[in-house]
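Below you'll find the structure I mean.
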Amino acid sequence: MPPIALPGHATGRPLPDLDAPLPDPPERRVGVALVGLGAYALGQIAPNLSQARHARLAAVVSGNAGKARAVAEAYGVADHVYSYDTFERIADDETVDVVYVLLPNALHREWTERAFAAGKHVLSEKPMAPTVADCEAMIAAGEAADKRLMIAYRAQFDPYNCRAIDLVRAGAIGEIQTVVADHGRILDLSATRDQWRARRDLAGGGSLYDIGIYSVNGARYLTGEEPTEVTAQVLARSGRPEVTVEEGIAWQMVFPSGARALCSSSYLMAESKRIHVQGTDGELTLDPATDYYVRNLTVTTGETTREVTIPNPNQFAAMLDEMALAVREGRAPATPGAEGLRDVRILEAILEAAETGRAVAL
Amino acid sequence: MPPIALPGHATGRPLPDLDAPLPDPPERRVGVALVGLGAYALGQIAPNLSQARHARLAAVVSGNAGKARAVAEAYGVADHVYSYDTFERIADDETVDVVYVLLPNALHREWTERAFAAGKHVLSEKPMAPTVADCEAMIAAGEAADKRLMIAYRAQFDPYNCRAIDLVRAGAIGEIQTVVADHGRILDLSATRDQWRARRDLAGGGSLYDIGIYSVNGARYLTGEEPTEVTAQVLARSGRPEVTVEEGIAWQMVFPSGARALCSSSYLMAESKRIHVQGTDGELTLDPATDYYVRNLTVTTGETTREVTIPNPNQFAAMLDEMALAVREGRAPATPGAEGLRDVRILEAILEAAETGRAVAL
Amino acid sequence: MPPIALPGHATGRPLPDLDAPLPDPPERRVGVALVGLGAYALGQIAPNLSQARHARLAAVVSGNAGKARAVAEAYGVADHVYSYDTFERIADDETVDVVYVLLPNALHREWTERAFAAGKHVLSEKPMAPTVADCEAMIAAGEAADKRLMIAYRAQFDPYNCRAIDLVRAGAIGEIQTVVADHGRILDLSATRDQWRARRDLAGGGSLYDIGIYSVNGARYLTGEEPTEVTAQVLARSGRPEVTVEEGIAWQMVFPSGARALCSSSYLMAESKRIHVQGTDGELTLDPATDYYVRNLTVTTGETTREVTIPNPNQFAAMLDEMALAVREGRAPATPGAEGLRDVRILEAILEAAETGRAVAL
Amino acid sequence: MPPIALPGHATGRPLPDLDAPLPDPPERRVGVALVGLGAYALGQIAPNLSQARHARLAAVVSGNAGKARAVAEAYGVADHVYSYDTFERIADDETVDVVYVLLPNALHREWTERAFAAGKHVLSEKPMAPTVADCEAMIAAGEAADKRLMIAYRAQFDPYNCRAIDLVRAGAIGEIQTVVADHGRILDLSATRDQWRARRDLAGGGSLYDIGIYSVNGARYLTGEEPTEVTAQVLARSGRPEVTVEEGIAWQMVFPSGARALCSSSYLMAESKRIHVQGTDGELTLDPATDYYVRNLTVTTGETTREVTIPNPNQFAAMLDEMALAVREGRAPATPGAEGLRDVRILEAILEAAETGRAVAL
């Protein structure tokens, strides 16, 4: 007779321990309206919103009525469709708490201001806006409306990047000497998603603003410091007349501790997303660091390399849940407008350094 | 004037190309009722159902009313809660198309039969049931009810395992000589989820039925053949009196081509989930092969090892979508009851071979 | 003025710390005669002897006079060439301390006995000999001559395998549950080096004796135990009439602690050399484990995999130095004849188990 | 009766195919005298000379008579010991063909000139010398003496780096966009081997001259181009007064094709030796790239990463054999003085760029 007394039929055990608690009931989750239904919004954000525990898709906003309807139906919000012209009616949509701006960079400011004017909180894609002035206006608009403003720095909510930060802070590789961070991808002018990125008036900048920002932000959160000076060099150009942004750039950032970040970004190379931290006692590598779904984290000290595996990390859901909790708790989100502003200030300095060939103080 | 004509304001682009099409509208998705709300149902199935495109969570069935209510509310199906006693009322719940049986192995048959009796299709966890006789009864019940019966072999829907099959079939490693497949984990009697697994009357078998089945099934789908003979050896035992199943077993399977599978499973070792295929020209390794979220696939030929990375694979959603499409299209699912029966017949033969010390023909 | 006082010209610093001490002067190193100048002797042993610190190449013995002369000249021992007929004259060659028998397995006994008769110590390749009786005769011959007999188990001197042993003994993966060890390669009858391996009268056995022995020996040194029982199964055959040995075999070994070794070897598959140790707390993998030059060692516990890198390991030189020191110190070498005998006894039991289909006690 | 006719006794097979031909007889190998018996000379060069096929250790030169004698005895050249004062007598030593200068950088010129004056060929460590003027004088001295001058760029003879070059040239990753190359190690003032490296008068430069040169040279041989412009930034300093060289530096190099090298070197970080090539179609990584014994080479294109394994590579022996063949064949070696001069010219430009904060044309 086995000592474990179990019935021979289905019973009702207590709620098991779960890696993540049950999600909030759908009607209690913070409602998010997506403004802009491009490849990122539909390929990554909408599907991963289904994995959030505190947020849910509540409405869609697009200039393409057919697309908007199809998306809204697919996600069960057919009655919450807005066009760019009718957007202001969203003020009356009580299912919408947050407006997530997924439009080209140059439009972040306008839509953030319109969303605040409609009484909603705002989550804006990175880079926050093309200029420091834009960023400051967005922050001011949020303060005036007394609403939350968050910049969608998904990597800061990624379990792999968070683990890397923890390891560095815990001294796993000693004092940081350099952060070497390189991001590249091919800008494909035949693809809709890339066309606006080729235009400085819409994108603010080129590869630096699009993917180089991961290196800027990453160097900041890994060192825990703010850079005081930058130098920069323009990399090769393709000569494509359609491209009015810089396509590749290398830059260096000086941090108060003496640590340096050595970075590059490019629109002319195969996909590359690496952040490496070199310390006095060892090295830590995220490669890829900022991919949507694949990250590898290794730490090398002496003859030993440790590889860390984190099952089922979802940086998108974690980011959206942070926005939801900030709204619900009436507090600033972890990556507020001020965080976005800091990066845009650095991006401007990098472009200036590249153009002048001189170091620019921050 | 840049050659790419783009407006300086938000517009409405066509629906972008997506890796996966938009999901079906929620009300059109095939409704799934979960029977049994344990760690696997709540930790893996319920959250990943949110990622399915053709299926959705429609109801829950549990003997624990409080837990059932909490789960149903969390997933927005508060009006679709059933107890084990009131289960038959599910026949009238038009939102439920499929009953997914997530109870201990020995209960799969009873609940499959009750679900068919209630007019629903059935998805049953693996192993299908403790005995060949149970399996045959389940298949007969489905045929009598003219409903679909699928066994939840998630690995067969995993993009990594599917890629491995494709590579092997394409001759990437030549003719298969051996499949070496080992699965292990610590059976923890202090954990609710493991207690029933210690009892042969509830589990049917031990580590072999729980995780060794991955090696049996994997060797079959990787070779594309059915084994004709097995030998087996019992491994070490812990001596825990509560455990009435075999805790570890090694076995060998002969395939018509001459290929052999060399397998083991154990409840007394740290987690291990490896399937290796050795061919005349190279080797292919899935390690882990059958984890929920982490898989590594490498192919070695000569001096070169290739590592394949598949972003964002979701075997759970793919499996649930297959069930949904089979229901919708009125066809047999890819892993029908007959597939489950084949494995249980092999499991019985392996236990017999271990007990008798003799080869058992299939 | 820099505080480090250094002259601006070449000076004479003390001997620096070195990873390995300086070698013994050539004339003091133990002289080794190679008997048999095949691919292994000339491709691996002769070049690596140059890296030994206590041993050196002193003479060559071959039935091919031209080859012997060329090799002897290349290594600076032109005056120390012997044929198989004139071998006994080596008794008078004071530069030769050790005879290293690199001939087909069936000849190990004869040449070991002849070498002892000539007053030399003996290093014999593995497997020690085709039969237990041969091994016992070789040990007796060494004892009668009061000379050392060592079996060339290079893996036991390999820094990677030694590190693995240390890690296992230190409890890095808990209690050993299984050792899974698989060795394969294609036996190529068109290659001189493989032809004798196809004949049971010359090789003693097939893939089991040639490469499976690494799994037998590895399971023993990793567990630190002697097996008490074996079961075995013959694998596929090629049907080549020239091959009178078993081409593939799987076997299982029971150890007193309850640990099991699950092994295979094959002459019909691409090169494979893996030894895996599964414990209660983690797993350790050597893959390849027994390659001449490439080894990878990883240890996985929980979510972390550690990869150990050992620079410039040379198992050949370490093995030859052990023989040299055993000779110089008048002590038994680390892998004496008794070690070779233990494996051959197990090999015989495995073949018997495969033939009878029954477990064989040891 | 097996079809393979083989005798049952030892016979004499033809010379087997070997990965490398037999070495030249010792007396025919090119004799090398080591000038300077530090950690590198004794830890790496002397032992690996034993693996060369065309070169051999012939003599040693040191200011420490006891050490020189011990080393010479260990390698069997007890009668070929020279002090720095008696060096010129080496002119009469017919066993010495090549003088290998392993002294601090500032002494390379003097000893190269003395060796040429003694009628020997010269192999000099890298960097060739502290200044362009020194390099030009060394080249002139060699031409005047009609002797060979080679710079010991071992990485150019390393099978891994050679394979990387081949892959890049074959278009495996498309057009090169960037080479990211970082080298670091801790300069340890308590270690004899590092003390002279802290002094600019002896070392010429700091981490740049010591290890950064690998990045300079690597970027050149991987792109197959010569840089036209450099920018540079000084990295953190330790503040140790003994250190009169730069401890860390970052620099960027522009190549005619538009490719850029983004490099750093540091004496304040854990060991790092990575060279990465980013192309339009993929990326290639050597990490470590320039270790004595460990190299990893991976090529990533799309979802696939290929890892290349080369068994038993010996860059030291390959380099020494190239010098030997150049001497024997009366031709320029693959890395002549002109190659060393090119790098030193770049090193000077990098230091100038760092000091001035301006781009320096080459």
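A, B, C and D are the chain letters, set down in written order, and residue numbers restart from 1 in every chain.
Quick note on the criterion: a contact is a pair of C-beta atoms (placed from the backbone, for glycine too) under 8 Å apart; a residue touches a chain by one contact, two chains touch by 3 or more.
Bear in mind that the values here come from a model prediction, so they are computed numbers and not experimental data.
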Reference subunit D; chain at largest CA-centroid distance: B
Of A-B and B-C, whichever chain pair has more C-beta contact pairs: A-B
Rounded Å distance between subunit B and subunit C, as computed from the means of their C-alpha atoms: 44
Gap in Å, rounded to a whole number, between the CA centres of subunit C and subunit A: 55
Whole-Å separation of chain centres (CA-atom averages), subunit A against subunit B: 34
Touching two or more other chains - residue numbers and ranges from subunit D: 309, 311
Footprint of subunit B on subunit C - complex, ascending: 173-174, 177-178, 180, 182, 184, 186, 231, 233, 235-237, 248, 250, 252, 258-260, 262, 264, 266, 268-270, 272, 276, 278-283, 300-301, 357-359
Subunit A - residues contacting subunit C, complex: 303-311
Subunit C contact footprint on subunit D (complex, rising order): 2-4, 6, 8-20, 22-27, 35-39, 42-43, 47, 50-51, 62-65, 67-68, 70-71, 73-76, 78, 83-84, 103, 106-107, 110-111, 189, 192-193, 195-196, 198-199, 201-202, 241-242, 244, 291-294, 309, 311-312
